[in-house]
Amino acid sequence: MTPEQLATACVRHMLDRDPASRSLGLEIVSVAPGHVALRMHVTTDMTNGFEVCHGGLLFALADSTLAFAANTYDEVAMVSSADVEFLRSATRGEVLTASAVERNRGKRNSLYDVTITNAAGETLALVRGRCARLGRTLLPPRQ
Amino acid sequence: MTPEQLATACVRHMLDRDPASRSLGLEIVSVAPGHVALRMHVTTDMTNGFEVCHGGLLFALADSTLAFAANTYDEVAMVSSADVEFLRSATRGEVLTASAVERNRGKRNSLYDVTITNAAGETLALVRGRCARLGRTLLPPRQ
Amino acid sequence: MTPEQLATACVRHMLDRDPASRSLGLEIVSVAPGHVALRMHVTTDMTNGFEVCHGGLLFALADSTLAFAANTYDEVAMVSSADVEFLRSATRGEVLTASAVERNRGKRNSLYDVTITNAAGETLALVRGRCARLGRTLLPPRQ
Amino acid sequence: MTPEQLATACVRHMLDRDPASRSLGLEIVSVAPGHVALRMHVTTDMTNGFEVCHGGLLFALADSTLAFAANTYDEVAMVSSADVEFLRSATRGEVLTASAVERNRGKRNSLYDVTITNAAGETLALVRGRCARLGRTLLPPRQ
């Protein structure tokens, strides 16, 4: 497998086994080593009392995106901490895209920046997340 | 109304109109001015591929808790940014409690610390969130 | 004055009156509305027990850079909070450059990303800072 | 040596070899395993153009405090990232105290909360810092 194929296999593997991300309706937009973009449709159940998408679910979209990006090398990585800026809100029916880029990959930790944008290309949220590399493989052994 | 009664009315008002928090099954544990504690049951749909509660949904619990705490004065406040530390994971069936305390309340911004604990009292996550005070009342005029 | 000239006048004004930034030997590299880059030479007095530049002084460089960038519109802004990632260390004698870009400018708050690099162009630290806009002018009235 | 004595030896060792902390005039207030408190006098050279203590130097005080706290076990730890909230300013002549408490100590990373207060006991800044444990001893072998 090429690094691109491996990255895709890892993200596919994670999303298939992730009930939370599937409940949020997350869809894969693009994958590369250290990079993932996911899409989410804002449903009524995702809105809060101000009739905008709940900030926690915006964060959940970003969190899945960065966790998937950190696992594209077939090595298990876990999000250990993250910072989020909420810049603009989204309403029901909007389609949001979260895109994670790798800012650093050290021996034990890695760092990702996630940008959530709406269909108009406006930035809704910025997330910076730190991941711990656990040193064991993500994918099961091939037969 | 006393400040305590006002705080309770505000949180009740917010939760009643918040489909996202209700979908997550959030329940009120305690309320006081500047303080809220909420409870969440971890369901299968909240777990990820590592069979633990999705970090984004842990954050969503904390985000609702801090947003409710910031709105206990009958003045609309919005979470503008937050930092989260993931210290320990939760599995399906666990009951988690998020408790928000006010660290600072300035003229335009306020600061809250949220701690998520499990039934054994272990800390799962720490969230520090900043809120913008918008200056308008939360509750509708009473008739 | 053009916006560029105003930005330069603001940064000049701030640095001239800032004993801390002057003690650190900070020098202006470039200025534009919402952007500032500053340079710092790492002296022996800036190193810590691991013989690398003290993280707090790396942050101080970034903090001045983002504060200056936030004040380029002749409106006083104060740094209210910031996050820093330390990715690589610097040793005595190195010349570091911090560059701040504006990520958002809301009515009351603004957001800046600062990158500190060494002479080889390697990233040493990333700082994300939030500023409160105070609504009053920075420069004294002209006579 | 007791853990308390070891902690004190580690902090003494670090401060003695840290030109930056010494230039800032940092003084040890108290030490225990996972805990350190340091004191700093705000001099003219620490103030900025608003005639208050430069935020970067407030952070530097907190950064030394948390780095020292993380090294009290005679195992080298480095600050990898931190978040700071600036709540209140300090003026020339004030004496500030930073106190670090350990929030978590995992196998590879640890987490500290630092509070900076003034002589009146008011909170000036809150810092949350993450440290990487490097696994090697801090103190030189005893002869």
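By written order: A, B, C and D. Residues from 1 in each chain.
Definition applied: a residue touches a chain if its C-beta (ideal position, glycine included) is under 8 Å from a C-beta of that chain, and two chains touch if they have at least 3 such contacts.
As the structure is a prediction and not an experimental result, all values here were calculated from the model.
A.B. asks: So using the touch definition from the top, which pair is joined by more C-beta contacts, A-D or C-D?
C.D. replies: Per the contact counts, C-D leads.
A.B. asks: Measuring centre to centre with C-alpha atoms, which chain is farthest from subunit C?
C.D. replies: Between subunit C and every other chain, the largest centroid distance is to B.
A.B. asks: At what distance in angstrom does the C-alpha mean of subunit D lie from that of subunit B?
C.D. replies: Each chain's C-alpha centroid was found; their separation is 31 Å.
A.B. asks: Please report how many Å separate the Cα centroid of subunit A from that of subunit D, as a whole number.
C.D. replies: 34
A.B. asks: Using mean C-alpha positions as chain centres, tell me how far subunit C is from subunit D in Å, no decimals.
C.D. replies: 23
A.B. asks: Pull out every residue in subunit A that's touching 2 or more other chains.
C.D. replies: Residues 80-81, 83, 85, 130.
A.B. asks: Inside the complex, what are the residues of subunit C that reach subunit B?
C.D. replies: Result: residues 80-81, 83, 108-109, 130, 132 of subunit C touch subunit B.
A.B. asks: Under the definition above, what is the set of subunit B residues touching subunit A in their complex?
C.D. replies: So the residues of subunit B in touch with subunit A come to 13-21, 23, 44-50, 53-57, 59-64, 67, 78-86.
A.B. asks: Show me the residue ranges of subunit B that touch subunit D in the complex, using the header's touch definition.
C.D. replies: Within the complex, subunit B touches subunit D at residues 83, 85, 87, 103-104, 106, 111, 123, 126, 128, 130.
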